[in-house]
C-alpha cells in the first residue's frame, strides 16, 4: 500500500505542472510540423522530442545528471555543436555560382538589413509591459532574420542563452515557412516583366578558385572581423576539405556521420531549453513577431537591392533572386526559381539564385560577428 | 535622455555600423574574387579533359559518371538492401 | 644496470597480483566466447578486451588519466552510452508484429516475472556468508532476467555500480546462451500438440500506426512511470526517427555509426569494471546464479502465460512464442521459431514471436523504471 | 522482526507491485493500440500502390526494390570493394 | 563614431602581433604542402588550419571557452585521440606479411636505432645557446625517428606538451618526405647487385594466426613493457576486431567514421599548439634538425641490418626492405618497392617490405614504452 | 661531473637499454610466431574452399568477389551518386 502510494507520487500524473503540459504540447506541435508538414524535420524532430523530454516531471532530463543536461552543457553552451554543423554545411556548399557572378554578394549583404532593422523593433517592444529586451537579447533575436540555424543558435548561446529555445524554434520555423512567407513579398515588390527576366549562363569556375575562395574569406574575416572567425572559420574549413580534393574521406565524414550525430544532439539540446519557465511568457511572442519582421524585411531588402542593381547593370538581373540573399539554403533559391517559372516557363533561376543564397550565409555570419564584437 | 531613447540610439548606431561593415566586407570579397581569384584562374586553368578519348569510351562502355537511370535505380535499391542487411535488429547490443 | 633494474621494476611480471592474472584470464575467456563461440561478440569482444586492459599492472588504464577511466566516467557513470545504444536499437526495431497482434504485450509482461521473483532469491542469498545484497543490489541483479543489455547496464550504473561488471557479464552471457537455456524449459512446459499450433497470418500495419506508436508509448510512460523515461524515451526517439520517414539520414546514423562507436566504448568501459576487487568474490557467483534463475523463470512465465492465453483465445496461440517475451531480440524469437519447426515443419513462428520479443524490451524497461522509482 | 524478514517483506511488496504495474501498463498499451491506433489506421490508410503500373514496369525493367539476387550479390561485392578502396591501410594517419 | 572605433579596435589588423602573422604563414605553408604537394593531407590540412585559427588575434580559439581549447584538452592532453587513431590504424593493418616472414621483426627493431641515437644528438644540442632540452624533451623529439604520427603525438603529450606542435609538424613532414629522404640513403648503403635481389614468395597465413597474433603481442607487452600498453593495446584491439571476423561493423566504424572524426579533431588540436610563443624559437630548428637525423639514422640502420641478415640468411633478403622498418606505413614499403624496381624491373618488393613496415609500427610503440618507463 | 656529461651518460644508458629491449622484445615475438602461431596454424588450418563448386559457379554467374571492372566502375559511380543524393546541400541543418 505504502509502495503503491510511493509509486503514485512518482508518476507524471501526480506531479504535472500546467506549464510542463503546455510545453509538451508545444513539443508535439514541433513533431507534427516536422513529420506531417515536413518543416525542417532534421532539426525540428529532435528539438520537439527534446522539448517533450525536458518537461517530463520527476525524470530530471535537464537537471544535473540528466542526459539533456550533459548534451546542452557539452555541446551548446560551449558552442561546439553549431560550429561542427557549420563545418559540415561548409563541406556541402558549392561556391561556384557565387564565384562566377560575385556581384551577387551585394544581395547577400542587402538581405542582412532584416537583422539590423529588427534591433530597432526589439527596443521598441520594450514599451510593452512584461517585455524587457537588453541589446544583447535584441541582437540574438534579430539574427533570426539571417535565416541560418547554426548561426542563430551560436549567437543566442553567447548573448542570450535564456532565450535560446524560443529563438531556435522561431529561426527553424521561419526557415521552413520560406515557401509561404517569401513569394507574396517577392511579387509585391516586382513587376511581371521583372520576374520574367532571364539571366545569362554562368561561366565555368576553375578548381583553384574554389580552393582559394574559402581561404580568402577566412583571411578577410581575420583581418576585419575576428569575432566572426569561429563561424566563418569552421565553415571555410569544411568548404576547403570539400574543394581541395585530397581529404575526401574527412569531407565525406563531415557531411554525413559527424553532422548527423551532431544534429541529433543539437536538436535534443536546443529542445531542452524549451521549458515553461523560459518559453511561456510574453517575450516569446515578441520573439516570434520580431523574427517574422526580420525575415520579411530581409527578403524585401534583397529584392529591392536586386531591382536597383538591375537598373545599373549591363547584364540583366532578375530581382527575384535577391530574396535568396537571406540564405535558408537551398530553399530560398528554390523559391526564387519557382516564382520565376510562374512568370516565365523558360526561366530557370535556380543556379543564379544559389549565388545570393550562399552569399547570405556569409552575410549573416558577418552580421553575427559584428553583433558579437559590438554588443 | 531616458533609457529607451539611449537604447534606440545604440540600436541605430549598430544598424548603420552593421550595414556599412556588411557591405564593405562583402564588397571587398567581390574585389578579391574579381582580382585575385580571376588571376589565379587564368594562371592555373583546369586541366582539359581528354574529350576525344571520352567520347570513344562512351560508345564502348558506361563511364562511371554516366550510369543509366535504370541501373542507378537498381543499385540504389541494392545499396539500401545491403545497408539494411548490415543493420539488422539486434536489441541485445 | 640501474636502468635495467628500473625497467624490470616497471614490467608486468614484477608487478602482477594474482587477482589481476585471474581477471585477465576472465577477459580472455570473454574474448574466446565472443570470437570462437560467437557469443554476443559485438559487446563481449570489447568488454573482454577492456577487462584485460584494466588489469594490466602499472599501466593505470582505469586510474585518473587513463583511457578507460575517461570512458567509464564520461559514458557509463552518466548513463549516456546505454541510452545512445537504446536509441539505436529503437531505430532498428519494427513494432509492426506487435501492433498487428497487441495481445502479445501480455507475454512481454508475464516474462518480467523473472525479474521480480529474483528479488526474493537475492534476499534469500544473504543468508550465505560473504554475500550481503541490499535491495538496490538485488534489483540491479534481477534485471538480468530482462534479457536486455543496455537496460541492465543503465540500471546497474544507477543502483549498484560496484556490481556493474559482473551484472553485464552475466546479462550478455545468458543472452548468448538463449538457444541453450530456453529450449528445454519450453519443451518441458508444452505438449507436442501445443508446439504444433500454427498461428494466423498477421494483418497489415499502416504507416500512421507505426509513427504514432512510439509517441503513445512515451506518453504513457510519462503519465505513469517517469522514472522509465530515459530508457523508453531514447528508444522511442530512435523508433520515431526510423518510422517517420523524414529523417532517414539521422535514423541511419543512429543505427550504424553512432551505435557502433558507442558499442566499442561501452564494451571497453564495462570491461574496466572487471577488476579482481569487484569481481573475484562470492557475490559474483551469486549474481551468475541469480541471473540464470531470473532468465529461466522469465522464460517459463512467458510460456505459461501463452498457454493460458491460448486456452481463452479465439484464435490459436502457440505457447512457444511466450518464451520470446524475455526480449533478447531477435535471438529468442528465432529460438521459438526453431523449436516450433522441430514439432511441425510447416510452422513458421518467427514473425509471431517478434511481437512478444519487442514487447519484452518495453516490459523490461518498464520493470527497470519501477525499480528505479521504488528502490 | 529481524532485518532479513523485513527485506523479504520489501521484496515481496516490490514483486507484487511490480508485476501489477507491468501488466497494467502493457494492458493500457493494448488498449491504446486497439482504440487510438486502430482508429488512426482507419482514418489514414496507407496510400494504395499503383499496382497496375507496377506490374507493367516489372516486365520492362527491374524495380528498385526487386533486384535479382545475382545482381545484389555482385553489387554487395562491389560496394564492399568500393569501401575497402576507401579505407586503405594508412598507418601515418 | 565611437562604435566604429570599437569595431576597429576589435579587428585583426589592429591587434596583430608579428609572431601571429608568422605562425599563420606557417599554417598556410602546411596547407600548401597538404593540398598542392599532397604531403600527408589527412593530418596536415586540419593541422595547418588549426595553426591559422589559433593565431587569430581577439578570437581566442585556444583560450578557455574557445573551440580549440576544448578539443586540445578533451582529446590530446588526455591522450584519447592518438589512441583512437591507433585503434583505427590497427583495424587497417594486415600482419600477414610479417607472420609469414617473422625475421622481418629484426628490421623493425634495427630501425629504432634512429630514435635512441637522437637522444644523444638532443643532449649535444644543449651546448647551443638558447636550446635547453631535458631528457624528456629529447625523448619526445627522438620519437620522430619512429615515423609514426600518433605515437609521436601521444609521447609528446605526455613528456613535452610544450613541444607538441613542433614535434607533430616535424613528424608528419618527414613522413611525407619519405620518398625524397630515403632513396639516397638506401642507394648509398647498397650495391646494385644487392638491390637486384629477388625474394621468395611468402607463405599463406591462416586465419587463426592472424587472430592470435594481436593477442600475443599484447600479452608480451603486458609482461615486459606495460607502459607501452595504451598504444599497443588499442592497436591490437583494432587489429583483433579486423581479423576475428565477428565484429565487422565495429571494425568498419573504427577504420572509417571514428578515425575520420578523430583525425579532424586531432589535426585541429595539434595545430592549436602552433603558437608563436611555442614554435618561433631556436628549439624548433633543433627539433627539425634532430628529426631529420633520427629519420635518416633509422633508415640507415634498417638497411644495414638487412644487409647483415642477408649475409647470414639461407633465403636471400633484399637490403632495401630494411628501410621500411622505420614504419611510415605504407609509404616506406612503396619506396622500397620503387627503388627495387629501378634496379630490377621484375623485382616486386612491396609485399616483402610490408613485413618490416608493420614491424616498425610495433618497434616504435615499444620504443615509446621504454621512454615512458625510464625517462 | 658536470651536468651535460651526466646527461650524455643518461642518454647513452637509455640508448643501450632501449635497443637491447627493442631487440629482445621483437625477438621474443619472432619466437612466438615460429612456435605458438606455427603450431596453431598446423592444428587449425583454414577451411579448404570448395574449389570445384566455385569454378562451376564462376561459369554460370558472377561471384561476389569477382565483379568485372566495368561493373565496378559503373557501381562506384552509382554509389557515389547515391551518396551525393543523400548529402544534398542543406545549410539550414
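Per-chain numbering from 1; labels A, B, C, D, E and F assigned in written order.
Note that in this section contacts are C-beta pairs under 8 Å (C-beta built on N, C-alpha and C of every residue); 3 or more make two chains touch, one makes a residue touch a chain.
No experiment lies behind these values; they were computed from the predicted model shown.
The chain with its C-alpha centre at the largest distance from the centre of chain C is B. Residue contact pairs shared with A-D exceed half only for one pair among E-F, C-F or A-B, and that pair is C-F.
Placing every chain at the mean of its C-alpha atoms, the farthest one from chain F is found to be A. Separating the centre of chain A from that of chain E, both taken as means of CA atoms, is a distance of 41 Å. Spacing of chain B relative to chain E, judged by their CA centroids, is 33 angstrom.
Chain B and chain C have CA centres that are 44 Å apart.
Counting partners per residue, chain B has 14, 17, 21, 75-76, 79, 86 as the residues that reach two or more other chains. For chain E, the set of residues that touch two or more other chains comprises 3, 7, 42, 224-225, 249, 252, 256-257, 263, 370, 374. Partner chain A is touched in their complex by these residues of chain E: 3, 6-7, 10-13, 15, 24, 28, 31, 34-35, 38, 41-42, 45-46, 49, 52-53, 56-59, 61, 65-67, 70, 256-257, 260-261, 263-264.
Interface residues of chain E facing chain C in the complex, by the touch rule stated above, are 78-80, 83, 211, 215, 218, 222-227, 229-230, 233-234, 237, 240-241, 244, 246-247, 249-250, 252-254, 257-258, 370, 373-374. Here chain C touches chain F in the complex through residues 2-4, 7, 248-249, going by the rule given at the top.
Contacts from chain F toward chain C in the complex involve residues 13-14, 17, 21, 86-87.
Those residues of chain E whose C-beta lies close enough to touch chain F in the complex are 98-99, 102-103, 105-106, 108-110, 112-113, 115-117, 119-120, 122-124, 126-127, 135, 138-139, 204-209, 212-213, 216-217, 220, 224-225, 359, 362-363, 366-367, 370-371, 374-375.
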